[in-house]
Amino acid sequence: EKPLTIIAGPCQLESREHGLEVSMALKEIADRTGAGLVYKTSFDKANRTSLSGKRGLGLSASLEVFNEIRETSGLPLLTDIHTAEQCAIVAEAADILQIPAFLCRQTDLLIAAAETGKVINVKKGQFLAPWDMPNVIGKLTGAGNPNVIATERGASFGYNTLVVDMRSFPIMKQTGAPVVMDATHAVQQPGGQGGSSGGQRQFAPHLARAAVSLGIAGVFMETHPDPDNAPSDGPNMIPLYRFEEVVRDLMAFDALAKSNPVIQL
Amino acid sequence: EKPLTIIAGPCQLESREHGLEVSMALKEIADRTGAGLVYKTSFDKANRTSLSGKRGLGLSASLEVFNEIRETSGLPLLTDIHTAEQCAIVAEAADILQIPAFLCRQTDLLIAAAETGKVINVKKGQFLAPWDMPNVIGKLTGAGNPNVIATERGASFGYNTLVVDMRSFPIMKQTGAPVVMDATHAVQQPGGQGGSSGGQRQFAPHLARAAVSLGIAGVFMETHPDPDNAPSDGPNMIPLYRFEEVVRDLMAFDALAKSNPVIQL
Amino acid sequence: EKPLTIIAGPCQLESREHGLEVSMALKEIADRTGAGLVYKTSFDKANRTSLSGKRGLGLSASLEVFNEIRETSGLPLLTDIHTAEQCAIVAEAADILQIPAFLCRQTDLLIAAAETGKVINVKKGQFLAPWDMPNVIGKLTGAGNPNVIATERGASFGYNTLVVDMRSFPIMKQTGAPVVMDATHAVQQPGGQGGSSGGQRQFAPHLARAAVSLGIAGVFMETHPDPDNAPSDGPNMIPLYRFEEVVRDLMAFDALAKSNPVIQL
Amino acid sequence: EKPLTIIAGPCQLESREHGLEVSMALKEIADRTGAGLVYKTSFDKANRTSLSGKRGLGLSASLEVFNEIRETSGLPLLTDIHTAEQCAIVAEAADILQIPAFLCRQTDLLIAAAETGKVINVKKGQFLAPWDMPNVIGKLTGAGNPNVIATERGASFGYNTLVVDMRSFPIMKQTGAPVVMDATHAVQQPGGQGGSSGGQRQFAPHLARAAVSLGIAGVFMETHPDPDNAPSDGPNMIPLYRFEEVVRDLMAFDALAKSNPVIQL
């Protein structure tokens, strides 16, 4: 099994400068720690809690920046797509296309994403059981694309709360897809601040470490130079200046987990 | 307050003949019972559990049939839309556009739907609290369309199970939007049959009646001449030959509820 | 089917005077409305959220008052028991023994309660499914007592929140036991005020009416002359001066429900 | 911080021979692995799903065996108590008294247990949030006993399902009490087999390891020489012949976790 991959970046592409700055900082962390790093960014936050939430640079302005980030940093880039039409266009400037959790059952979107031939990261909907994911993944592989990643980002638990069921990792692993823990969205409190989502960033390192201890392929964590002033997901992003520390912590547990598969009873 | 509206029809538009047959049967029920009736149909089931699920006639073939149904039956027609692009096109052949629950936070879809000027019925996501709905409704009214209906269809409750919280009706009513109970989707068991959703149609009359007793604007119920052989949602649809009975039952409770507002403590 | 029974009273027996005053007020409501009324009171609140919560008059001081209440008001009396030892003693002064929800799987308590020969009202644990109740009821009937009532008081739904699943009424009814809706505990917010439970009394009339519309045997509602200053459950009890209004409302829906059994599909 | 403690044993004391055999086997595992080991046993299963479930040897027959186990194996012994009256009696033959999850809010039981002066292990109720535990622990410490352990055993998640929220460990740790993961009860499926609980023993090693990676005081795991024929909890107990392997696995993660406190953001 390969060592842990870290998928990281700010919630949204705020500007060209911001994207370049954060990606270069993450590139340096990757170099220093030896972690495999994928740069995550969003050209559009298409499902903000309320209409007034900022949505990012937009598709056309972002693609050029995406390519600049890829060239400058040398990091592979992941971004999320929201409509079937976007898939082929975005595939020009991204290495991994991500299906948002709310959209993980939208058949046309999944097929269009799969048909780009890019790696597809599909997030498990907050409304799905882990054993529902073979049907989701089957829509992607059924469209001819075997390169699928499955991401856990928490399940609905009562109102305005998510919970991560650690059983979801071994269950999703049975699909054969690499499994990723989205540690910063899993600590969201959806709708928890009225017009936007709250979050508990303090628990992201716990959830990430617990999942990594089970031997997973990767961890997804949003990070930002100044989370408290970020346009979205501020309450759950990890401050960039603490990010290397978190990565090193997870790599230590990953090494132990990868050399000790969980006991099968 | 107006008497109860019933939104009814089969899960998907299976064929022109099927659509005309069911809509005429419902028109007759409306005439005999005095119920306000809206015909519900879908041109595309865009989020089936698995790739092999049938999806319906498709957009272009459906619009003509929609208009034929409206003209023949005289019933207003509701259908669900899945992308922003569909909204203006579908608005030519429908009276009410419906936002599916999984898509209730997709800002562009909501705005495009709102901008058609049609009545919009938005379903509360399985992952939302009732008090999150003002943000959803605000995306529609903020786009200039005040004609919004809010529908309860159950909240995620553990795995493969939904629960209807009766408090959601008074809470959503505070938005000023008419509130509807979707009694047949609320008894779905998402993913409960492996490659498709299960359902408990036997409890739809209970959930509908309980909600109606609180004084709501409408009930949404899918019905089919032969549910057990329907291409989707069979386990939860109400057999058409029992439908009038269910409508009469609900109208009796609606009359009592509308003349007795729930006591405010 | 018999008309609706109302089980009502304050959360705890605060004093002899308090008990007599409230029971007489309820007796008068019963007379005026024709409702079957059972007086509910507790000699001990054995599971308060925190140590500092008041617990009531205690067993020995209460029994005499219980009998005085029964004689003065002529109402049957229900009280909850917490240990097997209490059952036979309390049975001297009560008509119905109630098994608290947290204790509904404590076999010895159930058997001891059953062996008193009194009617037993067992509350469904917040951690149980409605289809788990035959096992609970079977412990009581297996001990030779067929007179069992089953009460819904909400199921755990995430943290500090309960939800009432309306399907639980038809499911529990299949056991043959009369089924009761506990409308004021179902709107508790367990632990919601830190050292005590919060509550949403404003939704008790909604939950009660929705359940009654399904044709149930009874409604349990705590009431108090001054809920905001009550030693326990204040946030969810119904003010006594509004109680008659609530009872009349429920009786109207009960009459309609009892003459219209829910449609069986 | 001290290395991991393992609390282990079969669900119930089936016989003197059975208890001696398993405790000696566990003692040998403790010696070979260096783990701190507490022997867990139950004299009475007081809350079986149904009346027909076996309950164990009973109190009086068990105490002598308990003492024999303690002397023979040299292991400290933990057992659960169900009534206030049992506490002082059982304290004669046990080192740790355990409060069952369903009973964690029964004030009298907690006080009586605390007053024995023994170490008290209180399980978090399936219906509680982790932040509700200070009130529970406060009942014990308020009765003069500071030696309290808090155990996570899963929270209700829909019907017949539990979920472990990994955030509960850091939250409960804030109380100052040592925190334990009950890995075999957390994989129970309450009521999942109709007349008894089902279980998913295959996930116990995952939940245990994930929790241990967060740096906790101990893991509770039931084990049995022949789980599939055990009188209770068979589906979730760990076969005794695999137990040493599980312990060694957890000790490796414990060592890493204890030398790397989770990053505080």
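Letters A, B, C and D name the chains as they come in the text, with residue numbers starting at 1 for each one.
The rule is simple: a contact is a pair of C-beta atoms (placed from the backbone, for glycine too) under 8 Å apart; a residue touches a chain by one contact, two chains touch by 3 or more.
Everything numeric in this text was worked out from a predicted model, so none of it was measured.
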Does B-D or A-D have the larger number of C-beta pairs in contact? A-D
From chain C, the most remote chain by mean C-alpha position: A
Averaged over CA atoms, how far is the centre of chain A from the centre of chain D? Could you give it in whole Å? 36
In whole angstrom, what separates the CA-based centres of chain C and chain D? 33
Centroid from C-alpha atoms only, then distance chain B to chain D, rounded to Å. What do you get? 48
Any chance you could list the residues of chain B touching two or more other chains? 155, 157, 159, 163
Provide the residue numbers of chain B that touch chain D in the complex, in ascending order. 157-159, 161, 163
Under the definition above, what is the set of chain C residues touching chain D in their complex? 46-51, 55, 82-85, 102-103, 105-108, 125-129, 131-132, 135, 138-139, 142-143, 155-156, 159-160, 190-191, 194-195
Sort out for me which residues of chain B touch chain C in the complex. 155, 157, 163-167, 169-170, 187, 200-207, 209-214, 238-239, 242, 245-246, 249, 252-253, 256, 260, 262-265
